[in-house]
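Pasting the structures in now, so scroll down.
Next come two complexes, and both contain chain A; in the first it sits with chain B, in the second with chain C.
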Partner chain A sequence: MYGTTAMQQKKIKNLQLIIFCAPALIVYIIFKLYPAGSGFFYALTNWNGLNKTYDIVGFSNFVEILSDRYFWNSILFTMKYVIVFVLVANVVALTLAVAIESRPKARGFFRTIFYMPNMISMVIGGYMWMFIFTKALYYLADNHGFKWLDHSWIGDPNYSFIAIIIVSTWGTAGYLMIIYIAALQGVPDNVKEAAVVDGASPWQCFWRITFPLIRHALTICIFWTLNAGFQVFDVIYTLTGGGPGRATQSVAIHIYEEAFRGNIRYGYATAKSTVLFVIVLIVTAIQLKITSRKEQEW
Partner chain B sequence: MKKFASIILAFIVLLTMAACAPSTPKETKDPGKATDPAPVKTDPVKTDAEPRKAELSIMMSFPQFMDQWETYAKQFEEKMLKEENIEVTVHLEMPSSDQYESVLQARLTGDDAPDLYTLHCNNLGTYNKAGNLYDLSDQPLASLIYDNVKETVTIDGKLLAVPIESQAWGVLYNKAIFAELNLSPPDTLSDLNNICTVLKENGYTPFMLAFQEQWVPQLMTALTLGDIVSGKLNDWLERMYKDEGSYEEVREIFDVIDLIIENGTDRAMEQGSEAGAADFAMGKAAMFVQGTWASNTIMTTNPDMELGVFALPINEDPNCTRVNLSTSTTLAVHPSSSEMDLALKFANYVLDEKDSSGLFQSCSFNPLATCHDYEAYSWVADASDYVARGRAYQDLVLPSSVTDEQGRLLQEYYVKTVTVDDIITRLDEAFKAANALN
Partner chain C sequence: MVGKNKTIGNIFVYAFLFIAALFTLSPLVLALINSFKTNRELLVNVMSLPDELHFENYQRTFEKMNYLRSFLNTAFLAVLSVALIVLFSALAGWRLCRTKTKLSRFLLKLFIFSMLIPFSSIMIPLYKVTLQLKIKNSLVGLAFVYAGLGVSMAIFLYNGFVKNIPKEIEEAASIDGCSPLQTFFLVVFPMLKPITATICISNALWIWNDFLLPLIVISDNKKYTLLLSTNTLFGQYSSDWTAILSALILAALPVIIFYAFFQKKILKGIVDGSLKG
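Presenting the complex of A and B:
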């Protein structure tokens, strides 16, 4: 009798869970899972995105990808971007979080200021920065003697990479900062005080006490930036358009151009996005494995 | 307490009565004033039939002319109501030009095709193959379009779209600067070289470079390839489509491309096409490799600008120095339109005897049909003069992927990350890849 009641309660709990998750789950299935699944199907076709009909071509799209140097160049560029972006964005966000948390006053003000870029679309942010890089910096260089700013920020592939990292970090750091602040607030004061009493310097206190205790936030932030980095599109699209030529073409832009421009090869483009999905899956799985191992439960 | 309770009760009853009362007009007529005329029923006049309601969805790729097309759509709505007794509502969509194609493709594949939509003339073949174009050959508009323009929108004898932007174009130049320095439009590459020298000696920058968007540097290949194919290598394009040609044969186009880049404004990669046109209008350079479609921006920026057009020379043979005759934007009717009759009426209205001239003139489009009776602009007259002298060619139709690749490679050539040899190899590869798919 008791067993049946417990079972019923468990069923009710599961049902409640499903009901509460249902709205998000339905949206996720319709807008994420279904397109991803159908994307894999189209990867096996030669559909051009326009014709009513198409042929199943098996794995020939995937075979063709192996020798597509523009695709692998875009993968290499994306990898380079991901490494620098993950590093810079997290360092900047953590520095901001620590700096704000260590302030006795006006924390709310600084939190708001640094979070603000996150509240506007990166497309708008990209166009704003485009104006800064193509007009404002030259104005400063030409009229106020800031000659070190006089570079081709959009045209020179090296400088345009820096420009892309600056804008991406500007748009992301605020969001990561909030996660780090929440984690920092969870570090008990008595542990830090004990370390100070034992003679630990501020750096030792941060590196030996605080940092290990916020590793869970680091896991989340690295996971998020890795994902965002691999899918980078809007910043590059608005800033350089992937140019000059293909010099700053991320894999997402490359796939977009394959699907909607030039030869309009929708099937081939979805095959490329499937490959990207597998790469992201492998990289994030490795990252989660490594960082989770190092996390310390409090 | 009882008093308080009865007041509350009375208040609730009052509220309930007010809420349940039938909704009557706030002003009630005093029954004593019976002299007022009885209210007249405003039923529609039964002598005329009720207008049929309809909706027409149109997608266009030039947001810069939103006002002009909205006005034209309103005129169409009025015309339909008056002449056909149809109360049509035109929904005009104008996504930004760089996203237009992807938005359009998404709608076409999602069975949500607009009734009419603009597309680039070079894409007519692909869209026709996909069954997205209605044959307009038997429509009244077909007899109005000039023959040389009609050719550009006709495939297999079918008129597939209404041409909107059609132009003879080459290099835009500032006539005032040329007149001041006694310069005349060049016929050969030496002439152009000499013009650049004279301009620089007099403190002018010869060419405006605005290479931020890939399609702008690509205009240099559009002009130079057209010149060389029409003047010398007539079968080059045909052979390219058969994988029997190479860009190596047209290597000399880089002579003039080098000359333009060497004599151009700085920071070309930081300059967009619109900003470039505005700077050109303000006299920052004397010449601009750009189509006459930029004239609207140029003349808006500087209404006093004396704008001219000359053909771009590529070598010492004046026979190769020609203007490009092309149609860029066209308006197509989707065959699955639920309002086909109205869609065709709108397509015909674009070339309406009475109203079309006003629209085309307000958008600075060139005349392309017999219904266009307005005076051509000076730059159109310049280009037309080349056409009259037989020094013009129909725009070369290259695969879209090759055109895009040309733009990308010329950007890279400008920032010196590729050489001419690299460009030739990669364009040959791109052409072969496009051939393999078609």
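Presenting the complex of A and C:
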């Protein structure tokens, strides 16, 4: 080590670091950072995806987006979907977790079953549910008197929205449930017992004692469902394909259709991708701010 | 009185759990029983068990969706992608944790910040990159794309894991004359085994079940993954439900078997990756 100054040592360390990070860095830059960055650039062009040349058109794509009714409808649909999905999926998952945790003997069995849909791709799950919505429910309605099931689950936008929520919840609740169960197991028994001795009802006990102690799990699950919700693609692609018409188009479906089907306008479609990114960023920032403040309060 | 209330509560919770379980399994069970029927039988009664097991449905879809080839394509893609993610991220994550310089802090932030970028925001430029690099329709190329998308999370996990293993063993190895690369492969990597298992499983499942990326990158049906073949089959046989359902069961089978074997590890991985991460 004689002869090497601290500066040189640091240089060697940094050089080693770069060499060890190089493989990861290269694929990361090529397939994630560069696409993300160049997306902003293409958004300013009129590139159509086929021509080698394109012109820089400034912000005119963004101006056009302002009056693109179909795009804003897909944003509105996605917002509506995200709100309902985050609520329903988390309420279902937390209910399942609490029910399972209260019956330790049956825990393993039910956990295995409830998690199973998460293993299967939503493409497969979506098509399986398609069978239920277009065949099985009609059968039940016609032959067993379940008339309230007799709806056009896929054809009527109001009911297909419910169908999409049901299938998404079916496919994700098990994952959230596992996180909630782990958090519930972290709540010390003596705290709950003390509350029961003091005369708290199970309902009070849950909301006053348990719930504040599992807030970090709630933050994680809401963060996760928000993210997944904004990107929803597979479920809608398999169930309705965005239809009827464009009634159930999420942003991801809309951008996919814009770029890879029909009129190929990549510049315009990347501008829409950019808008989506900004929206996701804002929503995530707000959510993290709110939940981290709440966590401190409790 | 208290005892009676408790029994009622018990019955109520179990009833709820059983109904929820029935609901959860219904798509799988209905797909399974109807996949063995003839189409005529299926139309008469969706809820009944099949009169006899028509395995020829499976035989037909097995060929129609090129099951074996699609399966092997998917397996190849998942294995190669996971291998790249593990190797690249372990190297980077370890070194990032052990180096305490401005550069290392910057690189770690650089790797992690992009986890917020939604895939649909980058899919069009990414598609163009695959065209430019001439890796469209290449499974090997797609594996590198998955590596690029997957390293962030894996580096984050490796970095966190390395913090908790003592430095002294590595230092002893380097004093004994091991080069950094030797130290990594002989000493460090074996110690990372628990987190490597978690990363392997979660990434394998992600890639196995991913649909949108292969949908835009792979158009050659010889390179189709299981989901792409299933999707194509659904388009071709839109009213032939026995064909579709048997295809869905075949496509779901590998992950169900995987689940049966690795359930504990999978569930533990979720908790490690979320609550502790």
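Rule of thumb we're sticking to: the second predicted complex is superposed on the first by the 263 of 298 C-alpha atoms of A that agree within 3 Å, B and C clash if a C-alpha of one lies under 4 Å from a C-alpha of the other, contacts with A are read in each partner's own complex, and residues count from 1 in each chain.
The rule we apply is simple: a contact is a pair of C-beta atoms (placed from the backbone, for glycine too) under 8 Å apart; a residue touches a chain by one contact, two chains touch by 3 or more.
Predicted model, so just to flag it, every value in this text is computed and none were measured.
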Which superposed partner A:Ile286 touches (first chain B, second chain C, both, neither): neither
Which of chain B and chain C A:Ala183 touches, first, second, both or neither: second
Touching partner for A:Phe277 - first (chain B), second (chain C), both, neither: second
First (chain B), second (chain C), both or neither touched by A:Ala217: second
First, second, both or neither for A:Ala194, with chain B first and chain C second: neither
Residue contacts with chain A in the superposition, chain B compared against chain C: C
First, second, both or neither for A:Val63, with chain B first and chain C second: neither
Contacts of A:Phe260 with chain B and chain C, given as first, second, both or neither: both
Intersection of chain A interface sets (partners chain B, chain C): 49, 256, 259-260
Chain B to chain A touching residues, read off their complex: 101-102, 105, 108-109, 126-127, 129-132, 211-214, 267-271, 399-401, 404-405, 408-409, 411-412, 414-415, 417-418, 433-434, 437
Parts of chain C lying in touch with chain A, wherever the complex brings them together: 10, 13-14, 16-17, 20-21, 23-28, 30-31, 34, 42, 45-47, 84, 87-89, 91-92, 94-96, 99, 101, 103-104, 107, 110-111, 114, 116-129, 133, 144-145, 147-149, 151-152, 155, 180, 184, 205, 208-212, 216, 227, 230-231, 234, 241, 244-245, 248, 251-252, 255-256, 258-259, 263, 266-267, 270-271, 274-275
Residue ranges of chain A in contact with chain B within the complex: 48-52, 133-134, 138, 152-157, 241, 243-247, 256-257, 259-265
Residue ranges of chain A in contact with chain C within the complex: 10, 13-14, 16-18, 20-21, 23-25, 27-36, 38-39, 42, 49, 96, 99-100, 102-103, 106, 110-117, 119-125, 127-129, 131-132, 135-136, 139-140, 143, 170, 174-175, 178-179, 182-183, 216-217, 220, 224, 227, 230-231, 233-234, 237-238, 251-252, 255-256, 259-260, 266, 269-270, 273-274, 276-277, 280-281, 284
